[in-house]
């Protein structure tokens, strides 16, 4: 890695003692000796193991649940169903007033995705929990399911989640988050070329080497210590408090070093049910996702569809950009309404375009609920935007890198969401990339600056 | 058979912190009797090195070496609230909270030192080595060790401080979408060079040259760790990763590391990282959040390089050999 | 539940435990003996985080039953440092910033140790092959490859 | 019921114990211990045998016999089995190769079982306690096999007559898109006098590509000579679709990779 100190030296103070120094990491000695304590390194005598009975169907009504055989299985201590959960219908962003509550901790009457948690089994050993889970009998009436976002948005599609009533998240702005800037249709009319293209992704897993989980110890003082690898301690604690209808003062969350997160450990999934299990049995409880659960049950990065329509002039100026983004939330909201909205704030990318129209939708389908991941709401959009940029450049016969210089935002430029650009540095990154990759561009681009005269 | 070569570019920006703000983080700082400093947080270290960076920020602000600082975090009984480690917010939000707390603690420390040295606190400075000196008269000094002892046992002062950082929440205007998503943005530009086997659709990423502008590299070696790992993940997203390979069909989702594909140690591109620093107005020592954006530009850069190599556009991720081969066959048929 | 005796040496010290038949070596080391340096990343044999050295060979402790390990000598990452002095591999992982979240690190170090024990001066290709059964999601592997090569160089300099 | 392991000194006793319901044979553990870890409660008992014959490699007069418990690492490192090293190293990473056995590989479902593909091309015989079967017969009926496999036996390929290729997305350790093993013999004029071609991932278990084998007969190994074999190699295959690749992709690239292997 090289630090290019020549850029922005006029606005940077480089004579600091500790900042900018490559100090050794304080956690590394623990890592290399195996001494770093992760949540699963807490092990208590008499600890119970929690295994989840999951839906084999994408969408089904639950006619009945029979746990009697499972409860009799040797080693089983407790079997939990929806009626054991004090506040079973929740949504994590309710803490910042993004509702409605739309997800069940344990399925109640319905399952909406294949893999949804239905019954929790607590047993002396993992093996006993697995065997007992296989004895839980759930009678399902299979319902029609919808997997494709466009299908889900059509009239008459099966309703995935009744708490929403329609297969999209309803923002205060309506069926999507909107940005309107300038007159996009006038821009298309003025443009030398108009190009509309569609981009698609599928769900992506965080795949941390350490799976999601927690270990709960009921303490002598009527409190519960939860060793967890959540990425957000109080977010999880406060949601657990709501779900269990338990004062937060009864909860003590201890994190530590987490074995990789990448956004995959911000859902509140394992802690509430494990703490409930500890409360109802008085025993320590361990609930750790198997690798299969981490891969297919834990929330992935959402599949997205992005449609971009651009108007471009022969001289390289983009004069209009319309972006329609669809985020496949799966069956429940989790963080997806937030992510879809983040996309609306990110488009049209780091370019100054006078006419912009953005709609971003959060769509429900019968698949594993998606949620946050590294680059949430932006990563797939950037793929779409930057492939589109390449296509536009080739369409007008311009070098793709020079094309970006022409449109790059600079200090003071007004963004589509009506904030003036501050602290831009895209141009300098492209100049350095031009040098590093031996990809020459015209001298006028190499002479540009993100500092805009008069800005 | 032909191995065909191509290159592609992409340029991106990325917001620092939770979209639309409203995501507070607090920090507490106090000294021990012998002048070591404890930072108390509830932020989570996911491996990116939050604990180390908070120690360096506290040390810089107080004016002591980093190894005089201990960070106690991720315990809800001791650490004040943090929204969480996500949205490239950890360094920015928690760092600012630590600075505020450390400044308050530093002020008390200087006041005690001023009483001991019988000067005004405003005339004092730290040397970064554990000493407090009179500006312009460095021979007149006191160690932080002695200041802390005095504060505890003689003067009854708590060398401590509280920090809270909150960017007020922005609410998007319904019809226009006017809003403030973020206060600062990191930037990147990546050039990728690939080889494509036009009989099998297999892609080899030969080189990626990444330029990242991240505000301030608080610890350059740790920044490098994230940027190198992120660049790998970006290539991985471009070519390999999906939990539903036949999306929207739900069948054949991978359940292990053999089926969920990521580049192995034998698949690594030659990776170059160049870092620029334009300090952000509201970042801790100018830092922005580099953790997420560093994995984004490789994806379109690789996609554009594949087109440059074989002349087919794959607009669906991941860009698998199968998608390329199907496109090449369609291209040949036309 | 039937318990069976298991006896082996762990990092040079004798261990004897009664475990339930069918218990994996990983669970025995972690839950019975308290050596949590091997990590359970998948229980499938696909991540390598549980790697340990059994009689000089790299093994996945999650797929090894403890009762098949009677009389063997087991080495784990927690046993590498001697008298508080880090093993050259541990030193190299520190110095080259080859750890991030650290969860894969003990398994990586085990895989690398077996390599260096047999091949003191490995090529990059040897290192890549030796680490190929171990997943890392943070680093992009390059820093880990460099750490192993650095340790090998340090070893050969010490020997010279 | 907890999982219980029973260990027997002889294969005969182990075979008797295997008759109990829910009992599986424990080889290297890479298949059955994984299944148990993942909650496969149909596995309730494990049986193994410590008979030293199961771990023996015998080579006499060009005839090889490999005990079923011999690991991939042992084969890859054996000085007289260099021809097979590439196929043995195609299995897993180093730790898996120290555990995975020849016997186990015969049961590994596609995309696993790359070494069994090699054994199929070598026309091996598979020995069980009281019988010996041609490998093709054994593989076809392996789901019903209850007797412990004790050895595989084959003639050591001469010179460079054995070729092996594994194609995977991830390097150096990834599961197969496909694998191909070929044993070729040449007549005095350089044409192919005999060919055995085995394919991995072209069904749920290794299969022979007989039409391609026949098409190679009498041909030389050049682009024209192998063309008909490449055209025929897809006959009768039913490739798997999995997270690695679709059946369509596997079928499409099979002739490409066979061609590269034959010309390489």
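Labels A, B, C and D are assigned to the chains in the order they are written; within every chain, residues are numbered from 1.
As a working rule, contacts are C-beta pairs under 8 Å (C-beta built on N, C-alpha and C of every residue); 3 or more make two chains touch, one makes a residue touch a chain.
In this text, all values refer to a predicted model and were calculated from it rather than measured experimentally.
In terms of C-beta pairs in contact, the better-connected of the chain pairs A-B and B-C is A-B. The mean-CA centres of chain A and chain B are about 17 angstrom from one another, to the nearest whole unit.
Centroid to centroid, with C-alpha atoms defining each point, chain C and chain D lie 29 Å apart. Centre-to-centre spacing of chain A and chain D amounts to 42 Å, using the average Cα coordinate of each chain.
Among the residues of chain C, those in touch with two or more other chains are 20, 22, 42-44, 46-47, 97, 100-103, 128-129, 132, 135, 137-138.
Residues of chain B in contact with at least two other chains: 46-47, 49, 221-222, 224, 228, 230, 233, 245, 253-254, 256-260, 262, 264-266.
Chain A has residues 25, 27, 125, 127, 207, 257-260, 262, 290-292 in contact with two or more other chains.
Chain contacts here are complete: no pair of chains fails to touch. Chain B makes touch with chain D in their complex at residues 1, 199-201, 240, 245-246, 252-254, 258-267, 321-322, 325.
Residues 1-2, 4, 20-22, 24, 43-45, 48, 51, 57-60, 62-65, 67-68, 111, 114, 128-130, 132-134 of chain C touch chain D in their complex. Across the complex, chain B is touched by residues 1-5, 7-8, 11-12, 16-23, 25-27, 58, 96, 114, 147-149, 172-174, 177-181, 197-205, 207, 230-235, 237, 251-263, 265-266, 291-292, 295-296, 300, 303, 338, 341-342, 344-346, 349-350, 358, 365, 367-368, 372, 374-380, 382-387, 389-391, 400-401, 404, 408-409, 416-419, 422-426, 428-430, 432-433, 436-437, 439, 450 of chain A. Considering their complex, residues 2-5, 7, 26, 28-30, 33-34, 36-38, 46, 48, 73, 92-96, 98-99, 172-173 of chain D touch chain C.
By the touch criterion given at the top, residues 7-15, 19-20, 22, 42-47, 49, 51-52, 55-57, 59-60, 63, 65-66, 71, 73-77, 79, 81-87, 128, 169, 172, 174-182, 184-185, 187-191, 193, 209, 211-213, 215-224, 227-228, 230, 233, 237-238, 241-245, 247-250, 253-257, 259-260, 262, 272-281, 285-286, 291-293, 295-297, 299-301, 303-304, 307, 313, 315-318 of chain B touch chain A in their complex.
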